[in-house]
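Across the two complexes that follow, chain A remains constant while its partner is chain B and subsequently chain C.
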Partner chain A sequence: MGITKVFFFLPAVILLSIFLIYPLFQTIYLSFTSPNGQFIGINNYINILSRKEVLNLENFPIPPLGALIHNLLWTCIHLPLSIFLGLIFAVLLRNVKGGTIIKSIIFTGMVIPLIVGGLLIRFSFESGPGIVPAFFQILGIKSLSKNWIAYPDTALFALILGSVWLWTGFNLVIYSAALVGIPKEIEEASMVDGANPIQRFFYIILPLLKPVTLTTTMATFIFELKTFDIVYISTRGGPGDASMTLALLMYFYAFRGLDYNSAATVAVFLTLLTLIPAFLMIRQYIKT
Partner chain B sequence: MKILKILKNVTINSIAWLIGLLWILPLMGILFASIRPYEEIIDGWWHFENFHFTLENFFKAWNHESFPIRIGFINSFIVAIPSTILPLIIGSLTGYGFARFKFPLRDYFFLFIVLFFAVPFQSIAIPVFRILQTSKLLDTYIGLILVHSSWGIPFATLFMRNFFLTIPIQFEEAAKLDGASDFKIFYKIALPLSLPAMASFSVIQFTWVWSDFFFALLYILSPEKYLATQCLPLLKGLYHTPWDLLSAASVLLMSIPLIIYVLFQKYFIRGMAGWAIKG
Partner chain C sequence: MSEEKKIDRRTWLKIVGGTVGGLVVGGVAGYYLRKPEVIREVSTVTTTVKEVTTPTIPVTPAKVTLTVIHAWPGEEWPLFEPLVEDSKKKLNIDIKPICIRTPDLVPIISSMFPVGTTPGDVIFTWWKWLYTNQAKGGHLIDVSDLFEGEKPYLLPGMYERYVEDGKAYAVPHAGQKVRSCLWYRKSFFKEHGLTLPKSWDDFISLLKEISEISGIKAPIVNGNGSWPISLNNTLDVILLTYGGYELHEGLARGKVKWTDEQVKKVLSEHYIPLLKYFSEPTEWVSAIELWWRGDYAIYPNGSWITAMVKDPSDVGLLLLPEQKSIAYTYDCWFAPKYTSYPNEAKALLKYFLSKEGGALQVKQGGFLPARTDIPVDVLPPVDREIWEMVKNLKVAVSPIEGSIGGIFTEKLFSNHILLWSNPTKLDSVLEDLQKAAEEELKK
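Moving on to the complex of A and B:
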């Protein structure tokens, strides 16, 4: 390879080395050392797991349960819900007059800054201006007509449901694009064979969407793990750590507590969790 | 049979529009809150018996005494524009290199760079803070722009490489026979053909940097330098939540990405889906 060809890569290599690669390894290093720079193996990791803000099963199943469990809950609720809704809406909106407008409405959640999204969630779940508590008041469900943000048993779920509202647009758009790619003939043939819409969905559409579902699942998973802005602006992880997430906890450790080693440990843990699906996704991407 | 079909059609359409209506409610809420006095929306923006239109909230947020959104807007533009152009140029170069040059372990290097696309910010936050501090770039826009640009490079590289691969190579080979240099072929032939991909990347990257809160929070520390997203949480009072201010500021803040989305919808969606779906 000629010397001029090297110049195509040089700027990227320099910037990535300084601001991505070196810092990443530095963070990994920090996670294995004590504040005075001694190598202490996996002690930081063990130490983290014994902290209440990370893992706390005293009041199980009512939050605060620790950031680790909160992230797990977030994934268990948000992932299936946003994928399912995105898929159903994509199928439904194909034959609807003005479907593009509805799609754009749902996609808006992806366009607005997450910090605004977080504020919108708070606005919708706060009693008074919020429409969610008002809705449950009309239904006469007292336990859900309160200020969701202010109570430990509801704050986390308000954020999770709110983030479904924000993220479903992504899955909807991806599935819509994939559905366009399915030849009409396949569906028509199954109609002639007498398959009803539900059979068509499960036996024709769903199997054809399998590769795309891997993508939406991975992207959604990565989004969930990184959640920071939404929590920061709406609850700051409160009340009493009841909506704390790993990403926010890392920030508090590092930039409020100045405990860089614990923060780095949380960061490495988060990175590992995102790299596994990212690796799968990129492998599939390169294959196609 | 025909009536049944019409009935079915009507049902599907109504369900779809009901979903659309439900989905837009939070946005409508914040919009109404921003154009009405605080007292009218504090018990629910959906009460319209008493409706007064006002732009007062916008003026208050725009010219806020401590954290004016007006200054935040200017600062955000100062950061977001270079943070879009820089990775676009660098990523195009790298993307072209990966698409056209042959060298050992190429695909592994590519995979390595692209993996950074998924790495969470948290994983580099502390060391980058120290790097900026030692290089006197902490609390400067140049520092933040460099961080954002570096962060944009993996996406730009991936996006541009994939686009370059779709361009027929014949033009470039002809130019090579005429004795053109690699760099000349790149910017005279490949780059002009890849304008749509550049537009897609720019639209996404700009929106991304504009919307960023995490990096700004960490690396911009002087209040007069705060970006727009940093001002938003600071408008929140200690004991009560001034929804008049917050809603107006929210509408202002999301207006820029929304305008970009409306104007460049095609590029926006393509950029979003670019890494998820081929083509």
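Moving on to the complex of A and C:
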């Protein structure tokens, strides 16, 4: 029996070792070495964190603020907004006639490839074809009826808002599925007790959706840290690094600068950033 | 319990003996019945074949198939295809064309060359930095000998573009494109009584005059794609015209600092004042249509624009009066050391460099010669008109955007738009560019 177990276990171990464990350790190793292979401790990390494209508070609060701050801003704006919208739409549309069609339309943003999504964001925020500048022009707000992605003060926010549209569909679908799982009896009992819709939302639905919220929060957070395609296709991190993100910076170091050590350092840094909240959330999830 | 059938010692011996015997017999038979060895080097085929075959049986050496990595997908392919077909006949080779555009080529060759492998035998690139890095890394075949006897026929400055430490590792493509220049629509200028400038002041006056034309959105359209093409091109034009060939070359080769006073002076006097005449960044292909319908008067772009408009004869090249040199695309071919067919690869490079290769390429339209000895009547009329204007201008070493490469190029793209949105940032932009250039150059 022992040999049989090993026999079935071995292919997975070999594949994971070759394609995951070895590259992972190689990346970590690269992040501690110089291009000529010398061990240099945490010098790469110090070097990366001292670069203006990673951390730059000279212009605070106007971007460019560095990829690290941009990722943080992305998280602070995108995470609550996309989860809130996903939840609200899921709750509002669950018993509405034609709600499924509206949900499908919202989910379109999630279905399209992110590269296409990036292009759509770019065109939506460009003056001329863009719907957003046109909207603000109608409202008479001149400062926002411009090409958002061409100006450092608006480029990052254009991408964040665009990505909210792309990602809300994901949260909407997860919440919709979770809402179906809430027993009707509980809601009916609360109605008998005289709870109004708002009370039902806050005291019945929201607590019961807590495990799902943890999942969506984690998935959304990881999406935010990994953001690459949208930025690459819309602004390439510009103007003047005003919309640079860590994932894009890693790509530029690796495949434009051919500086694999710096790229590996950003990759490890990014992985650590992802792991910390993921670990906390999993722990919380287990407790729950 | 099942009864286990054991193999006795005698049977084992039969199996082992039979296998060994079979291998020996097969090996001997294979040795005597084998096909003559085909040697790739055409020049040595005769002697080698004589050793293994009888003289009465004529043996044709196998045709070598070269994998050629080009950069012309879709509709662009038919313009290059005639060269492929012609070279196949003339060089008695087969060609397996694969389209990999330069940005996609970078990760491939940067991982393959260091381990001694290559995705192709002959490779095309439009980035100087990619070529320079691979040449300096010792990955490319020295092709200096291919230029012997050809240098006098090349455009001024064309050969120098491919020289690294005294040797050339690439040849220019048979047909070149003017990369950095300004274009206008002749009928638009005629309709509004506009004349081509004779000095810098004239040029600024022209832009002011255009600004006042009813219906015009901006005098210069700011074409933008995944890179700010119009601003990049204008930067080259300004540096070459008001800084000169040497300053531009110094920047392209990393020998002049971006923070140099002369660079600052040229840019602050000639580049920054132009930015206010540029439109907002506009998707560069749709910008052609907008330019054509009269929303804008001037479009900084490459000579491929003539193939993208409704009436190519209506397109005029606007050279600044003081302009003595011009940036072409860096389009070139190189052969990696790791090719199995170095002689055939060099023969193909020689063909691309040759007069006949050049004539055939420019005949297809959309290309300008890399040489001066190609009969002008081979060129289609639109290209001929451009050619007459640029043939005596010195060819810049490379467009700035592809010169140093890596992070520098990304910084350049990103900072162009920043500078357009906030021209007061010139000093910090130049510092940023210099820092990126230094980082790239020290690698």
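Assume the second predicted complex is superposed on the first by the 264 of 288 C-alpha atoms of A that agree within 3 Å, B and C clash if a C-alpha of one lies under 4 Å from a C-alpha of the other, contacts with A are read in each partner's own complex, and residues count from 1 in each chain.
One rule holds for everything that comes next: contacts are C-beta pairs under 8 Å (C-beta built on N, C-alpha and C of every residue); 3 or more make two chains touch, one makes a residue touch a chain.
The shown structure was predicted, so the numbers you read here are calculated from the model rather than taken from an experiment.
Model built by superposing both complexes on chain A: chain B and chain C clash. With both structures placed on the common chain, the touch criterion links A:M110 to chain B but leaves chain C unconnected. Judged by the number of chain A residues each one touches, B leads among chain B and chain C.
When the two structures are aligned on the shared chain, A:L270 is found in touch with chain B, with no touch to chain C.
When the two structures are aligned on the shared chain, A:G128 is found in touch with chain B and with chain C. In the superposition on chain A, A:K97 contacts chain B only, with no contact to chain C. In the overlay built on the shared chain, the residue A:L156 is in contact with neither chain B nor chain C.
By the document's definition of touching, of the two partners only chain B reaches A:G2; chain C does not. When the shared chain is aligned, no partner comes close enough to touch A:L172: not chain B, not chain C. Look at A:I282: by the touch rule set out above, it reaches chain B but stays clear of chain C. With both structures placed on the common chain, the touch criterion links A:I18 to chain B but leaves chain C unconnected. After superposition on chain A, the stretch of chain B whose C-alpha atoms clash with chain C is 240-248, while the remaining options among 96-104, 150-158, 240-248 or 258-266 stay clear. Counting contacts by the rule stated earlier, residues 123, 126, 128-129, 233, 254-255 of chain A appear in both its interface with chain B and its interface with chain C. By the touch criterion stated above, chain A contacts chain C in their complex at residues 35, 52, 123, 126-129, 146-147, 149-152, 233, 236-242, 252-259.
Chain B meets chain A in the complex at residues 9, 12-13, 15-17, 19-20, 23-27, 29-30, 33, 41-46, 89-91, 93-94, 96-97, 101-103, 107, 111, 113-128, 131, 146-147, 149-151, 153-154, 157, 181-183, 186, 207, 210-211, 213-214, 217-218, 229, 232-233, 236, 241, 243, 246-247, 250, 253-254, 257-258, 261, 265, 268-269, 272-273, 275-278. In the complex of the two chains, the chain C residues touching chain A come out as 106-107, 110, 133, 224, 226-227, 280-283, 286, 290, 405-407, 409-411, 413-418, 420-422, 425, 429, 432, 439-440, 443. Residues 1-2, 4-5, 7-9, 11-12, 15-16, 18-24, 26-27, 30, 89, 92-93, 95-99, 101-102, 104-106, 108, 110-116, 119-124, 126, 128-129, 131, 134, 165, 170, 173-174, 177-178, 212, 215-216, 219, 222, 225-226, 228-229, 232-233, 247, 250-251, 254-255, 260, 263-264, 266-268, 270-271, 274-275, 277-279, 281-282, 285-286, 288 of chain A touch chain B in their complex.
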